[in-house]
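You will see two complexes here that share chain A, one where it goes with chain B and one where it goes with chain C.
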Partner chain A sequence: MAAADLRAELDSLLLQLLWDLEELESKRVALNARVEEGWLSLSKARYAMGAKSVGPLQYASRMEPQVCVCTSEAQNGLQKFRVVRAGAQSPEEVGPREAALRRRKGLTRIPEPEVFSASPNPLNWFGILVPHSLRQAQASFQEETLKLQMVLEMKPQMEATDSFFLGLLVAHL
Partner chain B sequence: MAGRGKLIAVIGDEDTVTGFLLGGIGELNKNRHPNFLVVEKDTTVNEIEDTFRALGAFSAGEAEASPDHHDPQLLNETPNRQFLNRDDIGIILINQYIAEMVRHALDAHQRSIPAVLEIPSKEHPYDAAKDSILRRARGMFTAEDLR
Partner chain C sequence: MLGSAELCFNVDHGYLEGLVRGCKAGLLTQQDYLNLVQCETLEDLKVHLQTTDYGNFLANQTNPLTVSKIDTEMRRKLCGEFEYFRNHSLEPLSTFFTYMTCGYMIDNVILLVSGALQKKSVRDLLGRCHPLGRFSEMEAVNIADTPSDLFHAVLVETPLAPFFQDCMSENTLDELNIEVLRNKLYKSYLEAFYNFCKDHGDVTAEIMCPILEFEADRRAFIITLNSFGTELSKDAREALYPTCGQLYPEGLRLLAQAEDFEQMKRVVDHYGVYKPLFEAVGDGSGGKSLEDVFYEHEVKMNVLAFTRQFHCGVFYAYTKLREQEMRNIVWIAECISQRHRTKINSYIPIP
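Now for the complex of A and B:
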């Protein structure tokens, strides 16, 4: 009976892994498609602005990140990633920060903690009036960064399934 | 940086790095090292490897000396490539064809943070067979893993 249970469990883990593989592949395809759209838009922008007008020569000497990734450990020990963009607010942060009555004159404002300092749009590195294709490229890569977490979370999940599967297999051989 | 999330670093060709910087991941000021590396035709494998290892090792708070990185020419050209003492990087994006150049360094990186994600490049389409995640999963179906 124990052998039958073991086989059933191994089959279940294998099916889970194959399911994860399929899910990872579909997320990969979406991720790659988005980055390819971004490259195409960059090429169009380069065609419109000049070959040397969209590249490292235009990078700012000072940059502030507008995106960060928050990592945490789930209850099952797996790493979780959350990509956060500047200006994004969690629902708990919306609303008045103090319970005190507001005064009519000169409302005292408590400086709100910000995830990021106000950073200029990277589009400004390339000029004041940039072609629409460059804005499209930016949108593609912004969306790409937000999708990263979906792919990254698959890796520890699959590694955990893999380790458990091999552990069971080796222990009962 | 207290209370802030971690950065996304990128090692890639010009288009990849420019795109992600447009997306807002870049960090660079007079006191800090850049979190990106543009790999060009004259970029050496050692430089890529040193940058990756520094990003990966120092992000876990380890202080690791890089004995190979004392080339004066490299230091003069790229003084900020050491990424020393960086513990603020959560994800490293790297073009797959560049990852192949430093595959041994990637395989040696076992920690979950920073996470390494291989992405295609404009001139080298994505090859699932070379992806580190899928290679590991594929290994489940070979007899070598049972030894």
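Now for the complex of A and C:
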């Protein structure tokens, strides 16, 4: 009976793994489609604005990212990935970062705490009056970062299921 | 009774008109485009272009071949032809050519000023400027902080000087002000070019004035469409519209108040030329964009310019048709390099 239970568990783990693999594959296809769509929209923008109007000349060599991928380790030892947008703050972080004094009189002032400002819209690198295709490209790439988060979340989970399955299989053998 | 154009044009400009008509016959045919869209790689594209008037224009390019290199070499070839026409021209055709180059000069000035904002090196920027818009004071453009500085220090001796009348301000050149400067310069330039052609009279005015009227109206439509959802106010938008088109004055006033594409469509209901163009615009990502529809209309007008003789408009029309051909080739090259062939046939053939 114990062997039968083990086989049933192995089967269910394998099925789970295959379902997860199918879902991961479909998310990857959707992610690639968004990326391709974004690049094609950039080509359309070049068609409308001129080939040299949408390229490396329009943006600075060094820039602050608007989206970062942060890694951490969860309680179960799994690697956890998080897509964080610039400007996103947890409720505990909102408010004055450090104490600062202001003098009412006198010429000197202690610098006030740095106020966080919203990062500039990258669309403005190409001008204010940009065509719809460039906005579409931005939307595609932004959607892509959301889908990236879903793919990143699935992978460690699948790897854990896979190791558990292999462990059980070896134990059964 | 023959007009003066038929009697006098060929004396000074007949050779160049013959030359430009020969160049026009060398534009890519439908069969050439069918060959290009079947290419699997950019190297295949290069081989097919060698059989056309482009010849070995990519022979000196090192591997790997990129879309940007193809575009740069095509521009260089066009510039070579244009400079030949210009160097052999007499008045008033030579002034006509100067007017044609002003549009490219404005683009170069804006590229240099925007590049300075992004801390790009002047050398990199100069390498990417349009060759048709080169002028000797270009290297000094990035030292200016305001439009007023730009005019007094750099552009006062260039052909762009007369177009700075409405652009003088002490505002720092940030992204919004650069966009306003670009459009105001272009507005002044287009109106001046239009007046030059109108004063010239004859067949040149009959051909060029409708073309420039369409260009003015197109700019008004595109500025309006692209300004939705931006920080540009309605009054600021209206100040950018060129006034030498069919929309002036009532159409421009209505367009300035439009808040979405549907309201723009209601404005063009009063204009028989533009109504079918707006009806041809697709909805969503599948159909044609407004820019595509305008490019198609521009191609039709430029092809029709060649049905008349003894006018300067053939040179303008040829340059614009060549530019459309370059856009087509770059589009096909982008689809090939991205392996995204579903939209590869979205080019505009030139009959």
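One rule holds in what follows: the second predicted complex is superposed on the first by the 122 of 173 C-alpha atoms of A that agree within 3 Å, B and C clash if a C-alpha of one lies under 4 Å from a C-alpha of the other, contacts with A are read in each partner's own complex, and residues count from 1 in each chain.
As a working rule, a residue touches a chain if its C-beta (ideal position, glycine included) is under 8 Å from a C-beta of that chain, and two chains touch if they have at least 3 such contacts.
Predicted model, so just to flag it, every value in this text is computed and none were measured.
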{"item": "Which superposed partner A:Leu152 touches (first chain B, second chain C, both, neither)", "value": "first"}
{"item": "Which of chain B and chain C A:Phe165 touches, first, second, both or neither", "value": "first"}
{"item": "Partner chain(s) touched by A:Gly127 [first = chain B, second = chain C, both, neither]", "value": "second"}
{"item": "Touching partner for A:Ala60 - first (chain B), second (chain C), both, neither", "value": "both"}
{"item": "Superposed model, chain A: greater residue contact from chain B or chain C", "value": "B"}
{"item": "Contacts of A:Trp39 with chain B and chain C, given as first, second, both or neither", "value": "both"}
{"item": "Interface residues of chain A shared between complexes with chain B and chain C", "value": "36, 39, 43, 55, 59-61"}
{"item": "Sites on chain A touched by chain C in the complex", "value": "36, 39-40, 43-44, 46-48, 50-52, 55, 57-61, 124-125, 127-133, 136"}
{"item": "Chain B-touching residues of chain A, taken from the complex the two chains share", "value": "14, 17, 20-21, 24-25, 28, 31-32, 35-36, 38-39, 42-43, 54-56, 59-71, 79, 81, 83-86, 113, 115-116, 119, 122-123, 134, 137-138, 140-142, 144-145, 148, 151-152, 154-156, 158-159, 162, 165-166, 169-170, 173"}
{"item": "Complex contact set, residues of chain B against chain A", "value": "3-8, 14-30, 34-35, 38, 90-91, 93, 112-113, 115, 117, 119-120, 122, 126, 128, 131, 133-134, 136-137, 140, 145-146"}
{"item": "Footprint of chain A on chain C - complex, ascending", "value": "67-68, 71, 107, 111, 114-115, 118-120, 124-125, 128, 130, 175-176, 178-179, 182-183, 222-223, 225-227, 230-232, 285, 289, 291, 327, 330-331, 334-335, 338, 340, 343"}
